[in-house]
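Chain naming follows the written order as A, B, C, D and E, and within any one chain the residues start at number 1.
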Amino acid sequence: MFPTRSSTESVSDRFDWLSVTLLLGGVLLCYYVVPLASLLFARSPHAIAGQLADPAVASAATTSLVTATASAAVATIFGLPLAYWLASADGRTETLVTAVVVLPLVLPPIVSGMVLLTLVGPETFLGEIAAANGVALTRSLVGVVLAQTFVASPFVVVTAKAAFEGVDSNLQYASRSLGKDRLTTLRRITLPLAWPGILAGITLAFARSIGEFGATVMLAYYPRTMPVQIWVSFSTRGLENAFPIAVILVGIAVAALVILTTLGRNPLAS
Amino acid sequence: MFPTRSSTESVSDRFDWLSVTLLLGGVLLCYYVVPLASLLFARSPHAIAGQLADPAVASAATTSLVTATASAAVATIFGLPLAYWLASADGRTETLVTAVVVLPLVLPPIVSGMVLLTLVGPETFLGEIAAANGVALTRSLVGVVLAQTFVASPFVVVTAKAAFEGVDSNLQYASRSLGKDRLTTLRRITLPLAWPGILAGITLAFARSIGEFGATVMLAYYPRTMPVQIWVSFSTRGLENAFPIAVILVGIAVAALVILTTLGRNPLAS
Amino acid sequence: MMVTITDLSVRRGDFSFGPLDLSISNEVFCVLGPSGSGKSTLLSILAGIVEPDRGEILIGGESVRGRPPETRSTGLVFQDGALFPHLTARENVEYAAEDPDYVRKLTRLLAVDEVLDRRPAMLSGGERQRVALARTLAAGPDVLLLDEPLSSLDEPIRRRLRDDLHRLFATLDVPVVYVTHDQRTATALADRLGILRDGRLEQVDTPTSVLERPNSRFVAEFTGNENVFEVGLETGRCGRVARLGDALLRVTAEGDSIERLLAGVDGSTATVCAHPSRITVLERSDGSVDAVRSVDSEESGRDLRMSADESSFRIPVTIERWLHEGDTYRVFVQVDGGPELTATMSRRTFDRLELARGDERTVSIQTESMHVLDPPTSSRT
Amino acid sequence: MMVTITDLSVRRGDFSFGPLDLSISNEVFCVLGPSGSGKSTLLSILAGIVEPDRGEILIGGESVRGRPPETRSTGLVFQDGALFPHLTARENVEYAAEDPDYVRKLTRLLAVDEVLDRRPAMLSGGERQRVALARTLAAGPDVLLLDEPLSSLDEPIRRRLRDDLHRLFATLDVPVVYVTHDQRTATALADRLGILRDGRLEQVDTPTSVLERPNSRFVAEFTGNENVFEVGLETGRCGRVARLGDALLRVTAEGDSIERLLAGVDGSTATVCAHPSRITVLERSDGSVDAVRSVDSEESGRDLRMSADESSFRIPVTIERWLHEGDTYRVFVQVDGGPELTATMSRRTFDRLELARGDERTVSIQTESMHVLDPPTSSRT
Amino acid sequence: AGVVGSAGGRSDPVSILAAGSLTNAFEHGLRPSLTTPVQVETHGSARIARMVADGQKDPDILAVADAALFDGPVQPSWFAEFATNSLVVAYNPDSEGGRRIADAGAGGWFRPMVDGLVSLGRTDPDLDPLGYRTLFLLELASDYYETDVDLREAIPSREQRYPETQLVSQFETGGIDAAFTYRNMAVERDYEFVSLPSAIDLSDPTRSDEYASARYTLPSGKVVTGSPISYASVIRNRDETITDVFTEQIAGEYLREFGFSVPDTYPQFTGNVPDTIID
């Protein structure tokens, strides 16, 4: 009555299949690494150092770092509540709102730039109110952050939504039946448990922010971020000048991302 | 000995806090919706219909849909193995490789375009091999897909990695102790369980692909995708002509995303 | 504090729970019932995790319908523990507690003070269960809802905790609803015992009453009164007799034990139950002539035997098989011309009896150990 | 098929498992041990989920060290079930199985055929456990590893499944390692029983041997031989006597029971254990003059009493308290001048005895029910 | 270069929205010659004109690559033309095709192109003036060199079309052998290039009638005619500082360093020029 199993048959065959599959991942990794390596190794350290000394580059680097951090923070602060709400919304609303949330990704940069200008441009309602209060919504750090947030925040929302949905609802009930209200439960149980997904979203948002060009250049050509600086360098002096700046950008981004992932691990670990 | 608890104290207060928090999400949603609405409602249906009739727009729409789908597929096929491997890699490698994976996001479009050209441009090693086999890696559908994949695939990798990490390893052991090898376990247990996160990544990748402009225009000005078409229209005929095309793009993207989320739900449900 | 449930019901997929009425004061109310009978569902409803379709729940006189779990002050120990995986055992307990001394006390009581710095994934099944219990107790709820909190523990520690919980519940003086599948725990802890079956309470009473006077075949079988059988009431050559298989028991004077037992029965049969420990397999010598008298049956012409002693049935049986269950033996015997019965006995007795398969023996059931069930409900499948 | 474990050990955080040597043939090997003693760890190592730090595992003569779980053909029922949440119960079982008939058979056996279309989240605790068991059995492994597969089930169904599993294991004829905390299940199922303590096997033997002849205080207490006490050996006015509290038992001829019991003991005390069911509380009339004779102690001048019958201790005690545990009563008594003892008895006996707190009674322990432990190991904390 | 003193009371930098081809000259020529901080923002000429027209940008100074853009979409009441530029054929000396162009020189650069021996790049005529000016150049060259074939028919193919940035990228990464570009770009970036006769390179304001024989129809239906390349600029917000910057910008010596030509007649004003400017 007990069906026997041909247990070890073709074990080696199958194991190979897994390797073959993983090979695909290796191909993709190469597709990222090779162009980057060519970017890196084609430049002399000298050229890079030279660019670093350029005050315009230094100031662009600061601007980029500050605004990308701010944008990632804004995306997180505003995006997590939206994600949480979406995660608990029912099917139809969820599908539709999710589609709306990713639309900023769909819009080509020129369109996002334009529609943002129609919302926060100097002649608009919001733009004028802000200007009256001494805040410029374009051509300012705020402008950069507005542009980056528009483009990058969907990552936080979509990824965090999936992460929230993955949290066992029993644990949330357990917390609440211990007398903790929904906010406390969210803060101390749901959020930490969803954290890996959220962190992935913040990482993406930060990376996208620091690399954002299209919408930023429309909303805030000044103060210049690194991508704008790279573009200007490229337009004025060509590849040879632009690439070292790109290398600097990559360096900054890698450092920031490593810090983000390292710090980001703590909330879970503690 | 039994500490009493002030159980219902400030329940209403706290509940308000949750609402306030959720309000932040509402603000973000408005930030997405208002510009989009202005984009939509400023155009007459007539103008949109007019653009739809334009064969250039129709062909761009087809190109966009085909290439974005292809890019999302390529990103999934190559990205999932990489994500799976990353999810099981140890801390240091993981942090570093993750940083590498998101670098394509960090690069401004002009730089990604340039570095891709150095990899697959017509004069390069790969470009020539492909050309010898009758495949053009630039100025072709393949070129578009290459550009979109470079920019969009990190979403799949990063999001799927977080999703894979969230799968209870006991379940994977359970599957394997039932005699299923790692590939089968991956396919039938890990993948379906990580699916919501993966789907989020695919959604992001698709949206980003269909909206990609910077790298695409570098690698493949022709065949034109919708973002390129919008840019051309804008440059040649201004906002009035470009926005209806953007509306069409948004329409296509929403439809595609709704289909994606709806179809995407099945693997879990069945 | 008082928990009052009125007309409560809910559907969950195919399963329909209730309607159920119940009122629990500051006592330990144990819920016993087969797997899938709705025990966890009941606790979930009380804790506010499952919203009932109908009915009312009052806690301390206030309706809690629609109120979220966090405002009910009901502490629930989940069947699977539901420990927070990102917190250590200590953090799990402290999450709920305000008083570090009390936490220390509880973790020592539950013998988990050594593993407090581990994450749930690094705890054993039983450790996890005890941490979950500590966590809920630490929150100091006004109503305690425990879902099989000791099921993964070995007998010695379970026994110890059972005693400790007993004392703790007494100090707490709150309503405790305690779901368990362990009869010993139920009888040891419960002030009252409710038997749940298919989402309905089949019997609610003190443990002793439920165990000794089950009101249905289901409760009888479920609480271990495995021997449920029909006793026939006949008026034969020797006067009025009760009959079980081929054994007869004379009903003599008013007020004697069998008369008392069968008092309320009308009709020709009564369904009777008896706990296996109340069935005594007699030594070979005891099944003797002076205890049993042969009579022949009028109808069947079979050889029947009448118990000489009118306070206990003496029943001729065949030994079928037995199981060794730790400190007891469970012996299955076939009543000649009647049902199969189960008798439990200590190892000592078992050894003395020197049973063998197919042996013809006599068992005795004291009439006062038997209990007449209400008209039979359909038996559990 | 044969599973051979040599010198196996692993560290998991603070916990160190092993070294452990064991060999299991096509038999049911039950593992009993306190919570946190490493039972689940042992199964995880066998299944290939935890890689041992040292040691060797042979399955069917082949080393499986370093071999992934899927090539070991070890079917493991996880303690928490580990059901795939995205599959229905049926799909969970079919995931592993190749033969639909066998699936049908198993799910019927385990009484889960009604809930097969539900997802794990919609199953009750016991249903989940049975589905997990069905899933593992369906895979038809060459070695079965079961981690408390019946712990969430009520007594009646557990008893039924225990019988069914017993039969099933016999047909399968594979090595079965069965972790349980339920002594009854262990004794009912096991061909051999291993007692695990702090990651080491304290005793391995047949269930009867382990229960009746525990080799340490720990095993004795853990297997329910709760009464572990010192018996003094003295040579007094009345010749050689064994002494327990204020009670004496004369050691008379060679070969009598107390002589046999204490044969291997040298020194002046022996540690002895006795199961509570082997301690009989005597009726008031039995603690009578002809059973006990007063003697005064030389040293203490206290009034000691010597059992008249040389095959059992008669010991004067004070009744302390008792617990009602389903069908038995557990009575705690204090030996005058000695340890506390526990006696279990049926309700019938308990009722007859008419005990009251503080009553002075006599208990008797037959010398052949006592078992001498090897020189005491440190007791379990 | 003259130095303009900063006028008090203005803390914001002066914003200049300019055509992409002016980026380098403004960034590295104009800016260092000023003490007033300026912010230079550059995009395609057509786009900046449109953004200003649509109110999405509000620069102090607007500078475009084609004076025709001040005939719509932006229509200022006056403007100044301040520099000219010419078309050249830049080539990649490391490539086979590039060397052929170099060898053929100003007299025969078109021959390898007609023979299909050069992978050529040019910008999209629909997108920016450089694109259609390339077509004008080819049309004028057919007459000037008296070629057998119509160069405007024979040379262009869709494969050659790129947006400007992409053209540059392709050229710099070796994707194409030769490209039609503005002279200033070739100079700025140290490209090897072939200078063309002024009869065809659209640089000479005095030849506007000759140039006008070439035309191109944009997708919008608008017809553009050949004309000299002339950069035009206008002040949109008036104050002293801006005026100072503007004056420096239209008069500056820096333009020549960056490959532009400044004919003697320049700056040349059109419309109602405010007095403050001319002074």
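For this structure, a couple of remarks:
Heads up, the rule we're going with is that contacts are C-beta pairs under 8 Å (C-beta built on N, C-alpha and C of every residue); 3 or more make two chains touch, one makes a residue touch a chain.
If you're wondering where the values come from, they're calculated on a predicted model, not measured in any experiment.
Steps from chain C to chain E, taking the shortest chain of touch contacts, total 2.
Chain centres computed from CA atoms place E at the largest separation from chain C. Set side by side, the interfaces A-E and B-D show unequal numbers of C-beta pairs in contact, with more at B-D.
Homomeric contact chain C/chain D is classed as same-residue, with over half of its interface positions used by both copies.
Chain A and chain B have CA centres that are 12 Å apart.
Chain geometry summary: the mean Cα position of chain C and that of chain D are 23 Å apart. Between the CA-based centres of chain A and chain D the separation comes to 58 Å, rounded to the whole angstrom.
Taking the mean of the C-alpha atoms as each chain's centre, chain B and chain E sit 38 Å apart. Across the assembly, chain A contributes residues 5, 7, 11, 114, 118, 179, 181-182, 234, 239 that each touch 2 or more other chains. Along chain E, residues 165, 169, 173 each make contact with two or more other chains.
The set of chain D residues touching two or more other chains comprises 70, 73, 80, 139, 141. Chain B meets chain A in the complex at residues 5, 7, 11, 14-15, 17-18, 21-29, 31-36, 38-39, 42, 77-85, 95-112, 114-116, 118-119, 149-150, 153-155, 157-159, 161-163, 165-166, 179, 181-184, 186, 196-197, 199-201, 203-204, 207-208, 210-214, 226-227, 230-231, 234, 239, 242-243, 246, 249-250, 253-254, 257-258, 261-262.
Interface residues of chain E, counted against chain B in their complex, comprise 44, 46-47, 50, 54, 73, 119, 124, 126-128, 158-159, 161-163, 165-166, 169-170, 173-175, 218-220. Those residues of chain E that touch chain A in the shared complex are 13, 15, 20, 23-24, 27-28, 39, 41-43, 55-56, 58, 165, 168-169, 172-173, 188-189.
Of all residues in chain D, those touching chain C in their complex are 12-13, 32-36, 39-40, 79-80, 114-115, 118, 122, 124-127, 130, 147-148, 151-158, 163, 181-184, 186-188, 207-208, 211, 221-222, 224, 226, 275-278, 323-328, 344, 346-348, 369.
Put simply, chain D touches chain B in their complex at residues 47-49, 68-70, 72-76, 78, 80, 82, 84-86, 95-96, 135-136, 139, 141.
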